[in-house]
Amino acid sequence: MSSLNKKFPRLLPEPIKKNMRVCDLIDGAFKAYNGARLAEACRLFSGKMIAGEGLVGMSLTGALTPAGLGRSAIVPLMKAGFIDWIISTGANLYHDLHYGLGMKLYAGSPTLDDVELRREGVIRIYDVLFDYDVLLDTDAFVRQAIQGPEFQRTMATDEFHYLLGKYVLERERKLGIKETSMLAAAHQLGVPVFTSSPGDSSIGMNVAAMALRDSLLAFDVNRDVNQTAAIVYDAKSRGLTSSVFILGGGSPKNFILQTEPQIQEVMGIEERGHDYFLQCTDARPDTGGLSGATPGEAVSWGKIDPDNLPDCVVCYTDSTISLPLITAYVLSKAAPRKPRRLYDSRDAVMEKLRQQYLKKGTVEKVAHRTDVSKPKRGRSGRSVTGTKR
Amino acid sequence: MSSLNKKFPRLLPEPIKKNMRVCDLIDGAFKAYNGARLAEACRLFSGKMIAGEGLVGMSLTGALTPAGLGRSAIVPLMKAGFIDWIISTGANLYHDLHYGLGMKLYAGSPTLDDVELRREGVIRIYDVLFDYDVLLDTDAFVRQAIQGPEFQRTMATDEFHYLLGKYVLERERKLGIKETSMLAAAHQLGVPVFTSSPGDSSIGMNVAAMALRDSLLAFDVNRDVNQTAAIVYDAKSRGLTSSVFILGGGSPKNFILQTEPQIQEVMGIEERGHDYFLQCTDARPDTGGLSGATPGEAVSWGKIDPDNLPDCVVCYTDSTISLPLITAYVLSKAAPRKPRRLYDSRDAVMEKLRQQYLKKGTVEKVAHRTDVSKPKRGRSGRSVTGTKR
Amino acid sequence: MSSLNKKFPRLLPEPIKKNMRVCDLIDGAFKAYNGARLAEACRLFSGKMIAGEGLVGMSLTGALTPAGLGRSAIVPLMKAGFIDWIISTGANLYHDLHYGLGMKLYAGSPTLDDVELRREGVIRIYDVLFDYDVLLDTDAFVRQAIQGPEFQRTMATDEFHYLLGKYVLERERKLGIKETSMLAAAHQLGVPVFTSSPGDSSIGMNVAAMALRDSLLAFDVNRDVNQTAAIVYDAKSRGLTSSVFILGGGSPKNFILQTEPQIQEVMGIEERGHDYFLQCTDARPDTGGLSGATPGEAVSWGKIDPDNLPDCVVCYTDSTISLPLITAYVLSKAAPRKPRRLYDSRDAVMEKLRQQYLKKGTVEKVAHRTDVSKPKRGRSGRSVTGTKR
Amino acid sequence: MSSLNKKFPRLLPEPIKKNMRVCDLIDGAFKAYNGARLAEACRLFSGKMIAGEGLVGMSLTGALTPAGLGRSAIVPLMKAGFIDWIISTGANLYHDLHYGLGMKLYAGSPTLDDVELRREGVIRIYDVLFDYDVLLDTDAFVRQAIQGPEFQRTMATDEFHYLLGKYVLERERKLGIKETSMLAAAHQLGVPVFTSSPGDSSIGMNVAAMALRDSLLAFDVNRDVNQTAAIVYDAKSRGLTSSVFILGGGSPKNFILQTEPQIQEVMGIEERGHDYFLQCTDARPDTGGLSGATPGEAVSWGKIDPDNLPDCVVCYTDSTISLPLITAYVLSKAAPRKPRRLYDSRDAVMEKLRQQYLKKGTVEKVAHRTDVSKPKRGRSGRSVTGTKR
């Protein structure tokens, strides 16, 4: 027998039985290809990403909240303390509002006649259906909420979503529903929620329209960029791991990963990259887009710590399948963690990064070294000793 | 609210909890996109396909047995009486032998150096690894088995696999292992196993090499074509439903579906198509291949009964994820059925089809009518009254 | 023969010959599946989208400029007057800078060892390679450019890119290279270039870092949202067609399409949607994401005019294949148009939309009607007569 | 600059111009991702695969002949001497008959109502449409042709297709059409055409039905397996290269590749694998199926010569796009070759392999060595000196 094989476990699953728990099925029968990736994802998440005080950032793309995954999976993960910060498309946050506002979505079909749907005032997201009024009412909710005095200024999106979440939470309470909305839960749990494209959704659209009236609300994109880098930098400089849990790809994937180049490449502060990388996607690598780019490619950019590349997992499957499975697994296998409430320390970590940047950074070209050997002690925050090549 | 929406259930999943059973998670949280398709697949299978005496044919492509899915999922489904007949690629049957012969496969990695694997004598199927000796030993097993006198003739592949299954079953018993091999289980349970491409695998390769010596074993392709049509025709003419459970696509998908055109288009016998269609695949429809062709397209060919098109399900996901989930669901939700032992009546159903064909068929162009209105009584076997257009 | 078939052309291509021109091959041999979609895309673009004064917006995702498509395809299309405005990911604009700054990228391989690349200071985008210094030098260029006094304020991204493009153009001239950069060409031609996620790229990262110093540059997201809607509204209200040419999907796809809901759903101004929709993507519809959402789905949202749905084309193929082919076809078949220089009228169209919005819009819920029947005269700008359902 | 980059060409394409030839566009603008793969495929085919006397086998899956690619691309490649032998799905050969018999197919749409199509007697292959009569008439043609005395025996599929091709050619001539059918062209040019699944298509279905009457026609699967191996063995033992050009994947991909394991693993004859591997497919590797398996994986099986792995190309794109492009490129760049007429030497090469097998082969386990170092002289046919591990 080749000695190569000895490094790997034998592949001999037990027969599937009735009434199996999700976690037992995954451990017992998901042995190869994307099934194995999904099992590895479950074990990476429950075993390494949330071990100790490890930080977990989640990025969300694809129409996940319309599919009910906010309520079924993401809120439970947040409440269990397994998601510490979030980058989402605006659309996922906008459609999250429908749930928080008690509106009705329907599990429909992808094969309806769209011209008739348009005529009937029915909106379709693949097989999810809802009335056009759901959009109009949600839009009005956003416009009315942001008339509040606390919104009359420029702010980062985490702050904006925190403030908006309060309104959603209140509406939930008034309606007697609970744990339906990601934004409401994030407000309660102090989970910062960013969007990388603040204008790109009906939330941003309503904010923009109101700016044509007298609204003073505007988004501070620079703060978003620096704040997300600050969250990662703070964790890494305190010796914690930083993990990314990427659902889909797109701009949020880039935004959650670029925190490391922001620290290293732009700010000139030495760092090694995120520790663990877990992605569920239908994107393929060969067409070159960032959505399908592998963790290996991310290593070449300094986004991922090269030492942990073997632990990185990409599971090519629809998030509507993988996310419920991972959620059920992790909730079964790991004890809940106390929510970190990163939102509460947003100014402190920002200031910490700013100070470090003002010490190391330069307008001129950044000197660099890419020493990929493991540092002896500590993980980060050491001085840059690189020399220009 | 648009009346269109009223036809569909509200989309409002409950939060996922720890220790959930697979069937509860699927019913509770798989609400949209391929997640919803998977839930529909589970309910179609457990609720309609195996209802009453309904016949279920399974087609297998993709390297499923190397992934351990023969032992974990397919054998349990067969034992529960949920799979009545099978079309498989030769490769899935060949690699099934490794399990039945007690050989070792390993859950490896897709990123190994293949030139080194070649040098080391390690074979790779994506992330499944095994020694080259596994191939050589399995090959020798096939060659030795088919030297038996019962193999010295031309036969259909269901007969060949039945005979070969006996040797595998004996080897399993000798080794003290059980329920590891699809072929052994099929032998025991009387489940006919066909392959649409008898030369296209190491089984066929060894049979072909031995034919250069003195072996008389050869495959009767014509019988395979007619026998599979006979299985479907017999069921439909007795008023039973005929369902297809397609894993992957490829030649086995075509072969299991072409049974209906064989009856209607080639033999001139009136029929309406299979009743239920369930496919798990990664193929996409837009590139035109049969693997990704939709049930709708199959309706245009007469392969699927148009009345049941709304019940047809295609779940676009890796079978290593969908098959364990569907298996766990169906075993939990449906009572086992007594195995039908279709193999035992192979000559009888063949003769029944032959008689009908000799009555209706012609060498000349077949007259046809495509009356898609539901027949009043009975399902099939009525005279062709179509007129040539 | 069924009368259904008569509506379609016979499928009987001529044999391919040596030395064929691209446009002849596409017209002659691309007859089914995605090949046919690509041919339809070419004819839609050259025949309808750029007919008359029709407006064409392009959205860019995927790593297209690293693949050289800025220089080879996008700049030539812009110069021919076939692209009037652009939404791009930040990454495509950042990597465009490398070309404009005369830096070197390499046509490498996707199978290199990323840990070694990291050690060597080589960055990889699938199979495109370049030195880490390319990033560091480009970053320094951005930081130095934005120190100019014209950047010391809040501005929309079209304005920012226009100003930055001037620096790139100057650098090109200094280096004696030309037509290498999209941003430089956009500056010259007055093509507005937006990004939907201004912080999400190394451009945004450097802007954000500089904001920690004394830079006053910030992005006006609200203006981006309203400005893009204003471009579409102005065209439609003048009776011009508005077309979208979507490369990839992601946030830029949403941003270019949401202009119509911004007008209708948020601002309460009656409109019918974009006229022509052309997308080249590898995203699939069944996983529910916006990237793979079909034009039909967009009709249900009012993003696309239902009357033109039959003309909408989605070609599922890698943009590195489709974009050069479409470019070669369109340049061969259509006469160049005078660049529209939309950038020059940015304030005027913005003011026009603002006036209309202040007339029609409301903070309360927008009344709506979804009358999909074709208006008799004119296309838009009529008063909203809808009643709340 | 990293020395790693120096190994690769600079990526700096020229602007696309009007009226470009296909080959110039591909060389000039296809620089990364699948675009680059397509360009590499073109150069591999025109530069290496058909260099000298190199043998080229093509495998065909996906509905290519319905898309007109038989007439537009495959027949021209055959006539130019660039395709020496073929493995096809039965479906591609069956639908090829429609063209040879002068029947009408239509370039339709994928969004028609299939229940109505069924009612109207229209068959749909994604967006290709034709009358049900096309099937019925083609079926009758097959049944009538195989009544000829030359068909009254068991034969391999290459022989069957050669005989059937004669009838198609005659029909073409009678109808005054030419070069419309692959089977007719193969008959004329002596190109052997095999199918790996002889029962799996309407051709096989009609052959099977006729066997229920008095037809003696049956398929010799063993001969197919050995004959294809003999073609490869003969070429390799004469020092020629053997290349595979794989369109799609499926059973034909496996069948064309398994020729090498048939020689090495089953017959015990030393060989190194095919020399060049070129695949155009939409299958993905990560789901484990053979369709998407990489050339690297094939090296681990001995299917591909490890020394040539860097030359292997997989282009992930729809064959309706890639095949016309490759055809136009190769016809422009390479001089036609004299057709090899492999069909004429089918018995001779079979006998050569048989003799070698009877010398080296064994019923027992094959001894092996996997010496991947390049042999000094000649390529094959040397004695097996391996020792059992």
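Each chain gets a letter, A, B, C and D, in the order it is written, and its residues are counted from 1.
By our rule, a residue touches a chain if its C-beta (ideal position, glycine included) is under 8 Å from a C-beta of that chain, and two chains touch if they have at least 3 such contacts.
It should be emphasised that the depicted structure is a prediction, and the values quoted were computed from it without experimental measurement.
Taking the definition of touch as given, a chain qualifies here only if it contacts chain C and chain D alike; those chains are A, B. Among the remaining chains, the Cα-based centre furthest from that of chain A is the centre of D.
When the interfaces A-C and B-C are ranked by C-beta pairs in contact, the top one is A-C.
For the pair chain A and chain C, the distance between mean C-alpha positions equals 26 Å.
Averaged Cα coordinates give chain A a centre that lies 39 Å from the centre of chain B. Averaged C-alpha coordinates give centres for chain B and chain C that are 45 Å from one another. Residue positions of chain B with contacts to 2 or more other chains are 32-34, 63, 66-67, 117, 120-122, 125-128, 133, 284, 286-288, 316, 318, 320.
Contact residues of chain D toward chain C in the complex are 1-5, 8-23, 25, 28-36, 38, 63, 66-69, 71-73, 75-76, 99, 104-109, 112, 116-117, 120-122, 125-131, 133, 179, 316-318, 320-322, 324-325, 327-328, 331-332. Chain contact summary for the complex, chain C toward chain B: residues 32-34, 37, 284, 286-288, 316.
Every residue of chain A that touches chain C in the complex is listed here, in rising order: 61-63, 66-67, 89, 91, 110, 114-115, 117-128, 132-133, 135-137, 139-140, 143-144, 147, 154, 196-202, 204-213, 218-226, 248, 250-251, 254-255, 258, 261-262, 265-267, 282-291, 293, 296-297, 299-302, 306, 309, 318-320, 354, 357-358, 361, 363-366, 368, 370, 372, 389.
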